[in-house]
Structures are given as structure tokens and as C-alpha cells.
Amino acid sequence: MTKIKIASIGLGRLGMVHTQHLSELKEEVELLASFALDDAQLDYAKEHFGIKPYKDWKKMIDEEPLDAIVITSPTAFHPEMTTYALNAGLHVFCEKPLGINMDAVEEMVHAVKDHPNQIFQLGFMRRFDPSYQEAKRMLDAGELGEILYLRAYGIDPISGMESFVKFASDNDSGGVFLDMAIHDIDLVRWFTGQNPKKVWAVTNSIAEPKLEAIGEVDIGVANLEFERGMMATIVAGRSASHGNHVEFEIMGSKGWIRIGQEANPHYSTLFTQKGIVKPYMQSFPERFSQAFVAELKAFAEAVKVGSPSEIGANLEDGLESLKIAEVAKISAEKDEIVSL
Amino acid sequence: MTKIKIASIGLGRLGMVHTQHLSELKEEVELLASFALDDAQLDYAKEHFGIKPYKDWKKMIDEEPLDAIVITSPTAFHPEMTTYALNAGLHVFCEKPLGINMDAVEEMVHAVKDHPNQIFQLGFMRRFDPSYQEAKRMLDAGELGEILYLRAYGIDPISGMESFVKFASDNDSGGVFLDMAIHDIDLVRWFTGQNPKKVWAVTNSIAEPKLEAIGEVDIGVANLEFERGMMATIVAGRSASHGNHVEFEIMGSKGWIRIGQEANPHYSTLFTQKGIVKPYMQSFPERFSQAFVAELKAFAEAVKVGSPSEIGANLEDGLESLKIAEVAKISAEKDEIVSL
Amino acid sequence: MTKIKIASIGLGRLGMVHTQHLSELKEEVELLASFALDDAQLDYAKEHFGIKPYKDWKKMIDEEPLDAIVITSPTAFHPEMTTYALNAGLHVFCEKPLGINMDAVEEMVHAVKDHPNQIFQLGFMRRFDPSYQEAKRMLDAGELGEILYLRAYGIDPISGMESFVKFASDNDSGGVFLDMAIHDIDLVRWFTGQNPKKVWAVTNSIAEPKLEAIGEVDIGVANLEFERGMMATIVAGRSASHGNHVEFEIMGSKGWIRIGQEANPHYSTLFTQKGIVKPYMQSFPERFSQAFVAELKAFAEAVKVGSPSEIGANLEDGLESLKIAEVAKISAEKDEIVSL
Amino acid sequence: MTKIKIASIGLGRLGMVHTQHLSELKEEVELLASFALDDAQLDYAKEHFGIKPYKDWKKMIDEEPLDAIVITSPTAFHPEMTTYALNAGLHVFCEKPLGINMDAVEEMVHAVKDHPNQIFQLGFMRRFDPSYQEAKRMLDAGELGEILYLRAYGIDPISGMESFVKFASDNDSGGVFLDMAIHDIDLVRWFTGQNPKKVWAVTNSIAEPKLEAIGEVDIGVANLEFERGMMATIVAGRSASHGNHVEFEIMGSKGWIRIGQEANPHYSTLFTQKGIVKPYMQSFPERFSQAFVAELKAFAEAVKVGSPSEIGANLEDGLESLKIAEVAKISAEKDEIVSL
């Protein structure tokens, strides 16, 4: 078995997580190099994961004998980097979403289509989480019957507000639908196998009016209508006082499944004057630690066998989710239903 | 202390519950008579609650020395009965909703307004449930911060489908919004103190296509937009496989409260080959047994002191909820947003 | 149907609860009179439940045309009152335990045996709670398999400590096993159908050393060994910071049932900075409100049909539980195993 | 930083888990070799973890340039292997318990004491689990007040019965206290900082009488009395129908903490005709995956800095736990209290 020679682009919070995971997948991949602009990040990755540091990502792609690359840059860079890497003959794992600017994404789409023998996988890692996997299995096995309604929450902890404001002041996050709700948009598509027909989205910043000054909002609610009157409600937000609230529910005709209702990160229950108290999950890397590893393993396997992962999201998934997120954004601006 | 002389109209499922409760409120009321068309119901109520049976409700109102009446007839009769009772000088407790036909409701509205010194209370009993009471207290005390989003589920058990189909084949239930969602429409108004600006509702009968043949639907999802982009999602339905799923959530800027997440009717947990298993509430009279008593107590107290219950729903509450339910129905028919 | 003419002895906390329930069981009983020493209690009961007040319980038994009596006096009075009532021809419902002094209890035993046609029921109400009923049903149906181990907690809230200290300073509570653990001793006997062979009990007052000054303890742990090495652990206590923690577990070979694991008195869950928070049951009258009514109904039914309730505890149950509690007390004093 | 050169002894279920973890701790250790008798195990470990295979453990210790060794052999071999490795100058991580035969353990004790500069750490991994860590932190910070009572369950799934019977037919497992309860014996000592004064243990095989034919039992209940009347109840067993039930509770004067009450391995809740259903943890490697890694990291760190881990169990912990387990075994045989 030959290992896949790989490099990573981006050593921010999630980029570092991916890079660490790549360093641990010793059987599947050989991690050669990483790109970042920040010296401290490069030093850390070099010391802990043995990567060769680069401050020029094109140079890294050109010089290293790579089979594949993992891109975790700010979203706006995804199209250019993906296109460059594909043209250089690499398989590409790219963080979600595809991009922010649709013109740039168009180019990316062409690049992916022009290289049909190269794997392109998008980082919708929730699909790989054991709970979502179990939901999918039950649904496909008919154990939940037909889907009547779906609900998804993805609310970041208020504790991350300050750093988000700083980030979003300097960068275009893409907004609450493109940046956050897109995970659940993808899941709704994955579970139903359908694209919505109509979308009505509404946003507010009641809790955090300061977000509007930087072109952001706190809460986004997107209602998606599918064939036969099936609906999905997706709520994304940035200000949960209790933690990182990621919840998903499928209301089926034979049974419902709810994921993340009480996401206790460990197994303790307190009985105190406050009542019955359980901790709540604080960070998404902790919540999805297994999924983050599994999606990279699936990518490595896909590269090895030469055909895409059945679970992993592909170009079309990325494109459709992006369109729906865009439509949600437009719907929220107009405060009216937008048809797809 | 003089007891309130009272009679009940209707001895169906809920009417019998009310009549029993009236018979137990010995300190507050003196239950004199009940009206029903069904002999078996009348016999049962006579034997167990000592009522004088009537098969003519007008005669009962005319002949009995009543102070007040509790109306639990099919919705379409509410306006006429309420009006007649008010004109006869009685205080009226009427089940929700006000009515089905808006013209008839108009008359009822006039009757209530014409008798400002008589109590009129509408049967939105959930307001009296300890969990909803606690949510209201926390909200009013500022403990939840500002409301960012609300979600309500009211899904009847599939086990009741057959009897509902029979009922709805012979009667106009009012439909999923008027008959079912209206409880949560009232609660959303009660918690927020606001009326929605826009509504988008969608329905489906994916699980139970036969409902469409009798002019009904299974699932109704109503999305309500309020000032500042605050939204509420209300899901009503008739086909939960696990029981009577009544859930309500307030997402607040300082904390969330969720009611009915795991409505275990008692206190047992099983550990078996199936996993960790808890029973789920099967019937609404069981779920809201305390609330049903409390709302009648509040009505009796209101009659006694001569001013309406602060918690109980009044005419305006009934009217606004009805309008919203109507708008939801229209929105679902047109599949578009309707403004109020 | 003739109603049972009944009176109540004792209008303390639990006595008032019983008296109220008797007043509400209108179909089954006619509540005539109540005995108490306290004027305020008598006045309250007279006003609310329409009882004829007595400050001399013998006089009440002698003068009123009673069929039955409900005794909720301090434990030490149970034997004398029960004996007197039985001799007066009354059916007796007596609060647990039978008594404190074994000589007095002997007399009571004789009185009960001398009046085999009069119902004697002991107030082990937990047997009537829906959760315990369900456990019994499952066990009898073989759904839990054979019992391998049992565990019971009965811990009073620390909030009641002050009033308990006051009470126990003036009265003989009987101690932690006789006063508290006896409920679970009864349940263990009820579920297993066995009496234990050996007992080892240990007590401590680590949390509340002041209890020792008045001859009480805080925590009592009794380990009971049954045939074939089956064990039960019963923990009674007086200082739970979170509420009234009543929990019971049957570890069966086919499944386990646990009652009261998270005894949320209503249906709310909070998500706040403290985590996921649920309230905990604070009072036993609230926890066992249904059971308290059901045991009186069963008593009334037993009187009516002339044979004891199948669920209700009888003299032997009371006697055996008392012996086991006594043995636990002795075992704790000696800190050694005591055989029965 | 120099990496610790390490080898593993034993490639059974847990031995393979340890070996995999060692292979992943790339920054801390360099995994050189493994010993096993089984060729398939050696082949698997060679292929996946790159170890050099040995079928003679002494030879492996003699020939490889090792700093440390991880011993996961059957318990009876622990003393000899530990002694040999210590004498060869190696640091030793040894699975619990120390051994089965006390004479052999005596030798081991001398060996550890004779090499005070070599790290010896025992595999009580539960101490490293985040939930137990949190309990310890709260306890040490005074947040739970003083300990009033402790309870521990460690019940293996019935699904493992067949393979256990096969194993125990050929090997001396040590019995339910030495093999299973010892984890909780260690935890009780760790949390309380005390050794018990008295023990009463009882066993049964009601569910699985066949175990007695091979000198084993199904259920073991050990009651431990500590200073001031504090008690601990430890229940170990082999036949839970629902999974691997590992639960631990500290009843404190200020609050209780309960670990593993509903050990859902992921985050899903089902609502079906069966009620509210959550999966239960099936395997201990899954339950303690983080702890197994953390204890090896702590061992590597201890070796590196030259002083034992503060959390990890040392020789005395192993010795005292072993004594208590032995006393429990004797108590169960005699069915009487045994003092320590």
C-alpha cells in the first residue's frame, strides 16, 4: 500500500485540527507540508506534526511531490486554490462552502468538471458523525417512514462573539446562511434527497445589535419547502449562552430521530441546589472530533480507490447548498419567499 | 362565601373532563346541570357528578338558577351558545377557539362587548400548566433575556387517527391551524405580547393521504414573523407514532427554555436490549390535568371577584389567535406569505 | 351505592392531605369529622372540607356514625388509636409505620387479628404510584426477568432540616430506618415477595452532626441479603441539597427499571450558562399526589366490597417492615450483621 | 525532546488498544515491538502499527533498546513480567490488578520498591476519564461538600457472556471483585482518600447459574464502611441486557455527582412506538477511549520528567485495592463482615 502524499493549506483553528488529523492517519497518508501566513502557526505545526512550512501556497503545490491537498483557507480563497491544485493534478479536499463569490465558484466548478479523474470532496463533516450516520441508516432502512418535517439548529456559543466580531470586521464571513446554516442545508438535502422549491428566510440581531454595524446578523431562520408540502426549518445563530448548540431532527411517519438534544460532552449529571444540571458541549471540534477524522479517512480512501466517497459531499452538493444559502440571504433581504 | 351555580354544555371527551373538574371544585362552584345529546353521557354524568341532565341547552339556561356556564360543544356552536348565555346574564367559560365561521364570531364578539360586567374566558389551558407558568415567570423576570425565536410542536398520536377521521368526516374540525395550532398561536402571543406581521404556512398529508379526501391535512407548519425579525415556527400534526407530543421552546438571549422535550408521564426509565427507554405521554387530558383544573378555578375566582383572570385568555386573545389561524390557512392554500 | 362514612385523625401536613383527598372522593366516601389538637388546623379543615371538628378523638369515634377512620397521628399513637377504632367496629386506614414501641404494636396486632372482618390498611402509598405499579406489572409479567439486585434512595431535602430538628427534639421520630427507610423496606418486600435473611446497616451524620445531639442521624444505609445472594441497598437521609430524592431500582436479568432518576416535577428544561438544567421535585406530597388519592380509593373500595385491597399493605406487611427497620437500627448500633 | 522507546506485552482486546494508542502517540513515544503468542495478532500489529513482533517477551526486553514497557498480559503474569522489566531497567505501565496470587505480588512489590527511580504506573484508566476528572475537581474544590455515600456499578453486557465463559474456563479471572470491582475500589479510595475499615460482600449467579460451575459468579455486591460511618456500595456484574453499564455516584453534603447515568454513546434520541429511546454504550474501549489515551500520555510524561503522574495509580494504590478485593472475596465466601 502506497500512502497518499498530502499537504494542508491553512493552519487556523480548523486548519490545525485537519493538519493534526492528517499527521495521525499514519497508515493512510504521508503529511509533507503546510501553508500558513502566520509564523507561530507554522512553527507549531512543524514541531508537532513534522510538516515542512510554506508561506507561499502555490510554491508548496509546485515543489512538493503531492498527491492531494486539504484546503482550510478563508472561504473566499477556496475557488482559486482548488482550481490551482486541480490543474496541478492534485486531489482536493476543500472546506465548506465552495466560495462566496458566485463568479469565482463558476470557475471552480469548471475546474472540477475538467478533472473528472481527480477526487474533489467538500468538508461537510456532520455527515460522518455517528449520530447522523445512524439517522441516515434508519431513514434508508425505512425505520423512520417518510419524512414529514425537518428541523435544524446550529447556534454558536456567545463566548465566541468577541472573536467572531473581530474576524468578521476584517473578513467577509459570507453571513449566517452561507457560513453557518449551510451545514444543515447540506444535511437536509442529504437526508431528503431533494432540493427545496421555495425559501423564506428572516434574520434578526435582537441579542447583538452590534453585528449589524459590520454587516452581520445574529439569528437566521430559513424555512424550506419541498415537494408535497414537506418543510424544513433551519435556525443558525451566534449567541447561545449555554454552548455550541447543534441539533437536528427528522420527524418521520414511523418515528422521529433527534440528534444533539442534550449534547453533554461527557457523562456527568449534577444534583445541586440549582436542580439537575448537565454540562453542554462548548466547541464544535470536540462535538465532531470523530467526524473530522472520518471525513479525512474517507477522502484518503477515495483517492486510493479512485472513486469518490459515498458519504462525502461532492461538487454538486456544494453548489446546490450554496445556491440555497444565497437564496436564503436574498429572501431575508427582501423579506419574501424566493423560489428556486 | 357563596358558591357559583354552574352548568356544563357538552359531555364529549373534554366536556366530561370539565364537568368532572367542576364537580370536584366543591369549594368554589355548585354544579347543577349538564347538556348533551347522548343519553349514555348524560347518565354517566348524572351518576358520577350528580348533574341534572338536559337534552335542550336553551331550556337548561332558561330554567336553572345559573351564574355561569362552561361550553365544550363542537366549535361551530360556540358563538350561538355564548351569545345566548351572555344575554341570559351568565358568565361564560368557552372552549377554544371562538368559532369557525367569522360572521358568527362577529356576533359573539358583540355579545361579549355588550356585557362588559360578565366574565368571558376562553379555554387556552396551557397557560395554566406549571411549566408554561414557569416560562412566563422567567421571561417576565428577564431571566431569559429577549426572545430571539420560538418553536412549538403539537402533534397528536397516530393512535387517535381513526376516531379523528370519523369525527372530521361528519364535522368541520376547522382544520389543523384552527383546531390544533391555535393553542400555540395563543402561547406565542402570550409570551411575546405581540401579534405577527406575516405568516407563511405549508401543509402536507404525506403520512396520511386519506385525510385530504375529507378536507383535512396531517401536518401544518406555520412560520410567523414578528417585529425586528423575531420568528416563531409552529408545527401541528396528527400522526406521531410515540404519543401526544406537545413541546414549546423559547430561545432567549440569556437562556432557552424548552417544555415537553421528553414528556415522560411518570418517572420510570428502562434499561433493556432496546437501550434506555422512557414512556411518552399519550393523552392531553393527562398531560394538562393540572392546567384544566386551574383554568376552571381561575374562572370561578374571576366570577367571584368580578374581574377577569390575569392568566386566562380573553375575547381579544381569542379573536387574534383565530385571525392568525385563518391567515395560516389562507397562506397554506395559496402557498405564499400573507401579511396581517 | 352507599357512601362510606369516614373521619380523619390528625391534621398535620400529611393528615391535611389525606383529609382533603377524602373530601374530594365524593363518590366513595362521606367525610364527617376530623380530630386535631390545633385550632387553626381544625378551622381550616372545617372551612375547606366541611368537617365537624373534634379535639377528643375517642369522643369523635364514639359519637359519629362512622364506618371507617383514617389515622395520621404521630407514630407512637397508631397502636392505641387503631385498637380503639377496631374495637368500635371501624375499618382502619393507618399511616405507616405501625408504631414505635413493639409492645404497643403487639396489642395492635391482636386487635387487627381479632377483627378479621374489618379492613386494616397501612399507608405505604408508593405501591400506588404509577411508576411503581408499572414496575410491579413488568416484574410479574416476567419482563424484567429475575431480580439480581435492588437499590432504593429516600433522601429528604435539606430545606426541611430545621423543621425536622424541631419536630425530633420534641418527638420520637423512630429514627432514619423506622421513619424513612421503611417505605423502601416495604417496597423491597413487595417486589421480591421475600423477607431478608441478614441486615447490615450503618449510619452517619457527617453533614449534620447536630442531629446526633437529639438522638437522630442524617444518613442510614441498610444492606439486606435475601435468598440466593440477592441483595438490596436502601439509603435514607435528610440532607439532599437538590430536593426530595426518592429513587428505586430493580436490576433484573432481562432488564432494569429505575424510578425517579430525574424527578422533574414538571416538563421544563433550561439551557443556560449553567448548562442543561431541570428542576427537581421538592416535596413528597407533590411527588406522590396520585398515589395518595389512589390508596384512599383502594381503601374505600376494600371497605365497600369487604375484602382488602390487593395492592395495599396489610398488617403482616407492616409488621415485617417494622421488624426489618428495627433490625437495621440494631445493626447500625452494633455495626455488625444481624440475622432475622 | 527524545522519544521514549517502548514495547507492549499482550495483543488481546485491551493490549491491542494500548498498542494502537502507543502507535498514535508519535510525539511522545517510539513504539518498537510487541509480544504475543498469537500469530494473527502479531501480524495485525505489525501491519498496522509497524511493531517488531516477538513470541518471547524476555527476549524482547533483552534485545530491544527499550526505555519502558506496557504490560497487558493475563493478570497472573503481571508480577513476573513487571519484576523482570524493572530489573532490566525499564519503566513499567501495568494493567490492573497487580496480580492474583499474593505471594507473587509480594515479589512485585519488592521489585518496585527496589527501583525507586523507575516509574511504575497501574492501569486504572477511569481516573483519566473527563467525567471522573470533573468529579475529582469538584470534590477537591469543596463544591460537593463532604462525602456521605458512594455508589458504583460496573456491569458487563450479557452479549459478552459466552466469550467470558470460554476465557474463565481456561484462565483464573480473579473473580468478580478482583477482575471487575477493583476499578471502583480504586476510585472509591481515590475520591475519599481513605481505606475502608470493614467490608461485607455478597455474590449471586441467579441470572447465570452456569458461572458457578467454573468457579465464577455473575453479581458481586461489596459494601465498604469508612471512618465516621461513610459507606460505599460497589456492584459488579456480567449480565446487563442493555450494554456496558459503568456508573459512579458521589452523594455529597452540598451536591451529588452521578457519572454514566445514561451513557448514550452518541447524541441521538428516538421517539417511536416504544417511547423515548436512546442507545446505551456497548463497550468499555469506546466508553473510555479518551482515558486510555490519557493514561498512556501521563505515563510517557512521567517517564520523561522522572516523577510519577499525579493522577495515575501507583504501587500502593494497586496493593490496597487488591487487598480490599481479596477481603470482599473472603467476606462473600463467609457471608460475614471482614475487618481490614
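Per-chain numbering from 1; labels A, B, C and D assigned in written order.
Heads up, the rule we're going with is that a contact is a pair of C-beta atoms (placed from the backbone, for glycine too) under 8 Å apart; a residue touches a chain by one contact, two chains touch by 3 or more.
Owing to the predicted nature of the structure, the values given are computational and were not obtained by experimental measurement.
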{"item": "Chain pair, A-D or B-D, that carries the greater number of C-beta contacts", "value": "A-D"}
{"item": "Label of the chain whose CA centroid is most distant from the centroid of subunit D", "value": "B"}
{"item": "Whole-Å gap separating subunit B and subunit D, where each centre is the average of the chain's CA atoms", "value": "57"}
{"item": "Inter-centroid spacing, subunit D versus subunit A (mean Cα positions, whole Å)", "value": "38"}
{"item": "Contacts with 2+ other chains: residues of subunit D", "value": "240-242, 254-256, 261, 269, 271-273, 279"}
{"item": "Complex contact set, residues of subunit C against subunit B", "value": "23-24, 26-27, 48, 129-131, 134-135, 254-261, 263, 265-273, 279"}
{"item": "Residue ranges of subunit B touching subunit D (in the complex, touch as defined)", "value": "240-243, 245, 262, 264, 269, 271-280"}
{"item": "Subunit C residues touching subunit D - in the complex, by the definition given at the top", "value": "145-149, 151, 155, 198, 200, 202-207, 217-219, 221, 223, 225, 228-231, 233, 235, 237, 239-242, 251, 253-256, 261, 335-337"}
